[in-house]
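As written, the chain order gives the labels A, B, C, D, E and F, with residue 1 at the start of each chain.
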Amino acid sequence: MKMIIAIIRPERLEAVEEALGGVLDEGDNYRITIDTVEGRGRQEGEVELFRGQEVHVRNVQKTRLTLCVNDAYVEKTIAAIQKGARTEPNGAVGDGKIFVVPLEEVVRIRTGERGGSAI
Amino acid sequence: MKMIIAIIRPERLEAVEEALGGVLDEGDNYRITIDTVEGRGRQEGEVELFRGQEVHVRNVQKTRLTLCVNDAYVEKTIAAIQKGARTEPNGAVGDGKIFVVPLEEVVRIRTGERGGSAI
Amino acid sequence: MKMIIAIIRPERLEAVEEALGGVLDEGDNYRITIDTVEGRGRQEGEVELFRGQEVHVRNVQKTRLTLCVNDAYVEKTIAAIQKGARTEPNGAVGDGKIFVVPLEEVVRIRTGERGGSAI
Amino acid sequence: MLTSSALVLLMVPGLALFYGGMVRRKNVLTTMMMSFVAMAVIGVQWVLVGYALAFGTSQGGFIGWDAALVGLSGIDMAKPYSDKGIPELVFVMFQGKFAIITPALISGAIAERMRFRTYLVFTVVWATLVYCPLAHWVWAADGWLFTRGVLDFAGGTVVHIAAGVSALVLAVMLGPRRDFKRAAILPNNLVLTLTGAGLLWFGWFGFNAGSAVAVEHPAGATAGLAFTTTQSAAAAAGLAWMLMERWHHGKVTSLGLASGFVAGLVAVTPAAGHVRPVSAMVMGALASVVCYWAVQLKNRFGYDDSLDAFGVHGVGGILGALLTGVFCFTPVQGVLAGDFSQLGKQALGVGVALVFAGGGTFLIATVLKKTMGLRATEQEERDGQDLHVHGERGYHFDQT
Amino acid sequence: MLTSSALVLLMVPGLALFYGGMVRRKNVLTTMMMSFVAMAVIGVQWVLVGYALAFGTSQGGFIGWDAALVGLSGIDMAKPYSDKGIPELVFVMFQGKFAIITPALISGAIAERMRFRTYLVFTVVWATLVYCPLAHWVWAADGWLFTRGVLDFAGGTVVHIAAGVSALVLAVMLGPRRDFKRAAILPNNLVLTLTGAGLLWFGWFGFNAGSAVAVEHPAGATAGLAFTTTQSAAAAAGLAWMLMERWHHGKVTSLGLASGFVAGLVAVTPAAGHVRPVSAMVMGALASVVCYWAVQLKNRFGYDDSLDAFGVHGVGGILGALLTGVFCFTPVQGVLAGDFSQLGKQALGVGVALVFAGGGTFLIATVLKKTMGLRATEQEERDGQDLHVHGERGYHFDQT
Amino acid sequence: MLTSSALVLLMVPGLALFYGGMVRRKNVLTTMMMSFVAMAVIGVQWVLVGYALAFGTSQGGFIGWDAALVGLSGIDMAKPYSDKGIPELVFVMFQGKFAIITPALISGAIAERMRFRTYLVFTVVWATLVYCPLAHWVWAADGWLFTRGVLDFAGGTVVHIAAGVSALVLAVMLGPRRDFKRAAILPNNLVLTLTGAGLLWFGWFGFNAGSAVAVEHPAGATAGLAFTTTQSAAAAAGLAWMLMERWHHGKVTSLGLASGFVAGLVAVTPAAGHVRPVSAMVMGALASVVCYWAVQLKNRFGYDDSLDAFGVHGVGGILGALLTGVFCFTPVQGVLAGDFSQLGKQALGVGVALVFAGGGTFLIATVLKKTMGLRATEQEERDGQDLHVHGERGYHFDQT
């Protein structure tokens, strides 16, 4: 089992959700956890104005997705995220990254089930 | 050492905190990190209204707990979270999950201590 | 590759960012993901007032940094965070912790690159 | 006068913000609605029957009635009200604003747990059976308390004492919120509360200065005096609350400053056109000190007056009504001039309001408890009423 | 009268809050600015030429003009306006507020997607070519609709119908937001919307009661009546919308209550000084019911009137104008008294406003579409206009 | 007049929102309190001694005093003020609002770093030693600047120049915030700032139109003129600031629009009843251009006028006072009519205000620096003063 953590542009969330719905078994009810983070990378931050003065905000708002999946689904999931999150046609700086972390155990609180079937 | 990540209902946080206080050594000063996320799973999202029109919000607000513990405490911690987070009497869809990730190193910034004693 | 997760005081972020800029190759463009969490540990929470009554808030606001780095950079990164995040001169309760989790794979969405070079 | 009515109307959003800022995010809308909805339900009730009950021809000093006033249909739009020189409709509207704001004040005590629909019904019934008679007694020319010389310039007794004691009764009957004293319950948005306090102060000038029209027309000297005492009392009260807090906890809170302002405004309400500016300052300062400690009582006795509707409006109103008997100098003299009789009359007014409004609320709430239930379900209380009752959330800051 | 003008000014921030709270966080500033900016651009336009066009010497009943009114330079500051006893400058300012608020109302239909600079240009052109003539026709002593006896007490036709139908035309021409119906679009901050509704109600008293000056001076009976009907209609409408929602979805929303208030206020605007309080309540309640269903239409027909500028102002305005012909009793009698002629006149006014404002908007927008483009870029729409157009974000809650 | 006083009071919450929205979240409450607290402390000071010092019997044109005015005890509540036909108490209250708002304006320069309790003391001392004398000089019938013919219709010199220059002196003495220019400091909530600007504009009508009573009673032509010029200047200034920004950065910010409004209102304050509407528009537009560049100076010279109290109020006030000498046409003629003498008088007023307020502030702040310390501790500045000084946080959006 793996925990897949992806950092994407907020505006691509819609497309990623659609792509995920296509590859994961549960259809539209696939499981995911989402939060909002600030990212810093190669992408330039925003410039805001305050009474005629430019204020450079180094960090950019990003959306972070966390999906825990069984090994068989890892590549499918990565591919779906990539497909949805990439800016057409060739990708752009700031499109984000996908990180894969090993996952040792999963427990479904409702039933107490563990492992692959609980995921 | 493990990093235990649990996604629970916000309203159960109180009960989980109580249960954790019972099993962890530090009593009420056990260590935890908490943030708020949006979750999607088998649970139905909220329905809100906007001028007579139903708006379906697919995602549900959840609370995410992160606890890093020594191996000996993993099962105790899981049990405590399960106890606190489960909707009586038989659990309900949306009660959440617990994920366990391997943790290779811990550093306490204040002292520079590492490993199990720093946790 | 490792995922380094650090919980620090919000007010030390500035210093940590500076220290990281010094050790990571990309200079000021090193990559990081930041979010805000609530922490509970040895540190006392805040006391707020509501019409003459003290309200104890157990949790403290903390900043969480996530940096994914190649193995060669792990110690440098830890050292930089420690340097920036520690309250002078001897550290204080609440300075935070650094956690290191194994990272199995990285994908750069823009290019599809994987592994160490994508990080 | 029309301007005054408009100002008083602004107190409703002011109160909604004041209260709405103090509750938790999950209840911000329901708390604000408890104020706003009074504009709708009492707004209709007042035109239909409320005005007739409060200011119709007196039936023995106990209640008003005039079939012609139902729906205001019998009011000649050009007819001036008694000898005041203003059209009666203007008077109806001005009084209507008081009728609207009063039940809304009560909502502060029951925030975050009262069932919304029961609250609505309570509001209408209370306005009809408690507010209208009391207003008649104190303000109508033939009202039995008015004829006995009880002074209530702009609603200390009718508005604040009545609302405050009813709030206390309801809070006790409802029981505390499920996590009262257990969890850290903190205001979701004190910016709203401060803004609300500002609007309340602004609107209060309409309340107090506008009430001068009951005494004279065109508004002039008395209105000026009422304006001055209102301003002075609020300022002194804000200062006193701040000093109180500084001494007690070493900090000066913004909620404290706002609460002080409101306490001072409440206390000066019955006195506004009757006392001197310096007396008003003393009244305001005293009100802050007394209300500050009254608010601490709830922790002592364990009732959950969520936003201190009783602690501020009830206690401040009682104090103000009594002190009016002490400091008044026009049209009658008070204790300060050696005359204790007015104080006695004021005490009578206070006593009657406490017993009548408290008792009335108890009866109404008992019936409602048996029929509709007073309290929100536990799930509603946990998740917040905004989502369950209104299908909304106050803020959606995370949408992309 | 000055006070009334000030109150009407407050409707602009009120509207900004009302609309600003309903959009998504990423567009909160641009939506608020669409209201505020009217204070700047129409504020200048009105002084320069707007007043001259609307209230200058009538050129055959179709448009006003007086070179001396350009920049208001020829107005003797002490000269009273016609026989109203108020200085003409005061009248200029009062009317100017109407000219400011009207185009701002339109912005509700095109929120979250119209190009900001095109909106600015549209606003000025529309105010000059659509609003000023219409105001002249309906309100100037020689205006051709006025002389035909069309009643529009405080702007039902000139303000609400004109803005509403223009809003609809623009919304259709712009097309829906890119994620309309696809994504869950939820209001970022209903607290703002409720507060805005409160300020609107407050300001509306200036709108309606102040308009009484067109009838009499000093303001008295008519102002009192207008105040009472305004209040009654809003209250009844709020209540009706709530009941509607309760019946339809089992919930009572705060946005619904606020929308009901506004719908009632819109409907009573043309009627304020002409109908009885009880009639106003009926008008308000009917307006809520009709607007509620009108708002549902957009889902049926697929146009995206983002914040229901047409659904509430357009529909409410039409209904109000027609019902004025039904319920009016002063200075003329309506259908209720068996006289259908006023209803006919009202229908004429409605028809003219619909055709003229709708057609005018269509022409202006067509030209602008060809020259400047009506719509924000897709990227701006995705990220929100706040950042792209204004270089700002509404909230920065995460800074340390 | 009472209404005007109430409107001016609303400027305090307006200013609190305007400033409060611009600081970082951690200081939102302390910044808002710096405005609100003036209602408490100056509210009391004015009744006790302030009014006596500013408007008591003149002691040689330099200061007023009347033992009978202390605590307003000697004012007969029915006595009209001089020949204005309003009760003196009304005049006291109207002037009191100016005394309250002025020190609050200063807080914009020192936001996010001045010690709160020192600010409180500063406020009272400054109001007594700087504001009251200056008000006496410029507005009292025997004030030495008044007798020399300096025009200051509604406080350009007494309020805005005095506050602005004092703000600059304090900002320089305090030094910049610790992360000034280093970190990205962004406004926590521009919605508040826009709302505040709206309330300020609304209140400013009270400021300017109400001041007409100093000239005539009942308010009429002059009030109408003042209202018109106020409106015109603000509109033109908003537009000019927008165009300026568009040209400079290619964007049009909401903060810019709001700042333009305020700059225009400031500039027209001394001129409101003395210039024509078109002149007011020119003044407003010029004020925006000049203030825009003045605001950029702080980056040049490195002082940290956090929210531009000097850049907008100081510079706008100076410009407005001088331009009054250029554009005035009633009761005296200005440069435009070929008469340079009024410009000289205006320059005298400006010079005196700059030297007196600037010097006075320097002295007071020097003493306070030695005794109480001007600056918050570094920890307070880091964490924000809300938590340390007030034991509160502005928003708790994360509670469940």
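Here is the rule we use: a residue touches a chain if its C-beta (ideal position, glycine included) is under 8 Å from a C-beta of that chain, and two chains touch if they have at least 3 such contacts.
Not measured: the values here are computed from a predicted model.
Student: Over the chains that touch one another, what is the least number of steps taking subunit A to subunit F?
Tutor: Minimum step count, subunit A to subunit F: 1.
Student: Return the chains common to the contact lists of subunit A and subunit C.
Tutor: B, D, E, F
Student: Rounded to the nearest whole Å, what is the centre-to-centre distance of subunit B and subunit D, using the mean of the C-alpha atoms as each centre?
Tutor: 44
Student: Go ahead and note the Å separation of the Cα centroids belonging to subunit A and subunit B.
Tutor: So the centroids are 20 Å from each other.
Student: When the centre of a chain is set as the mean of its C-alpha atoms, what distance in Å lies between subunit A and subunit D?
Tutor: 52
Student: Provide the list of subunit E residues touching at least two other chains, using ranges where the numbers run on.
Tutor: Residues 3, 184-187, 189, 249, 251, 253, 255, 390-393, 395, 397-398, 400 of subunit E each touch two or more of the other chains.
Student: Among the residues of subunit C, pick out those that touch two or more other chains and give their numbers.
Tutor: Residues 11, 35-36, 38, 48-49, 101-102 of subunit C touch two or more partner chains.
Student: Classify the inter-chain contact topology: is it line, ring, star, complete, or other?
Tutor: complete
Student: Can you list the subunit D residues touching subunit C in their complex?
Tutor: Residue list for subunit D touching subunit C: 184-187, 244-245, 248-249, 251, 253, 255-256, 259, 292, 295-296, 299, 308, 311.
Student: Contact residues on subunit D for subunit A in the complex?
Tutor: Going through subunit D, the ones touching subunit A are 398, 400.
Student: Show which residues of subunit C lie in contact with subunit E when the two form their complex.
Tutor: Checking each residue of subunit C against subunit E gives 10-11, 13, 36, 63.
Student: Any idea which subunit D residues touch subunit B in the complex?
Tutor: Residues 179, 183, 382-383, 387, 390-393, 398.
Student: Which part of subunit A faces subunit F closely enough to touch in the complex?
Tutor: Where subunit A meets subunit F, its residues are 48-58.
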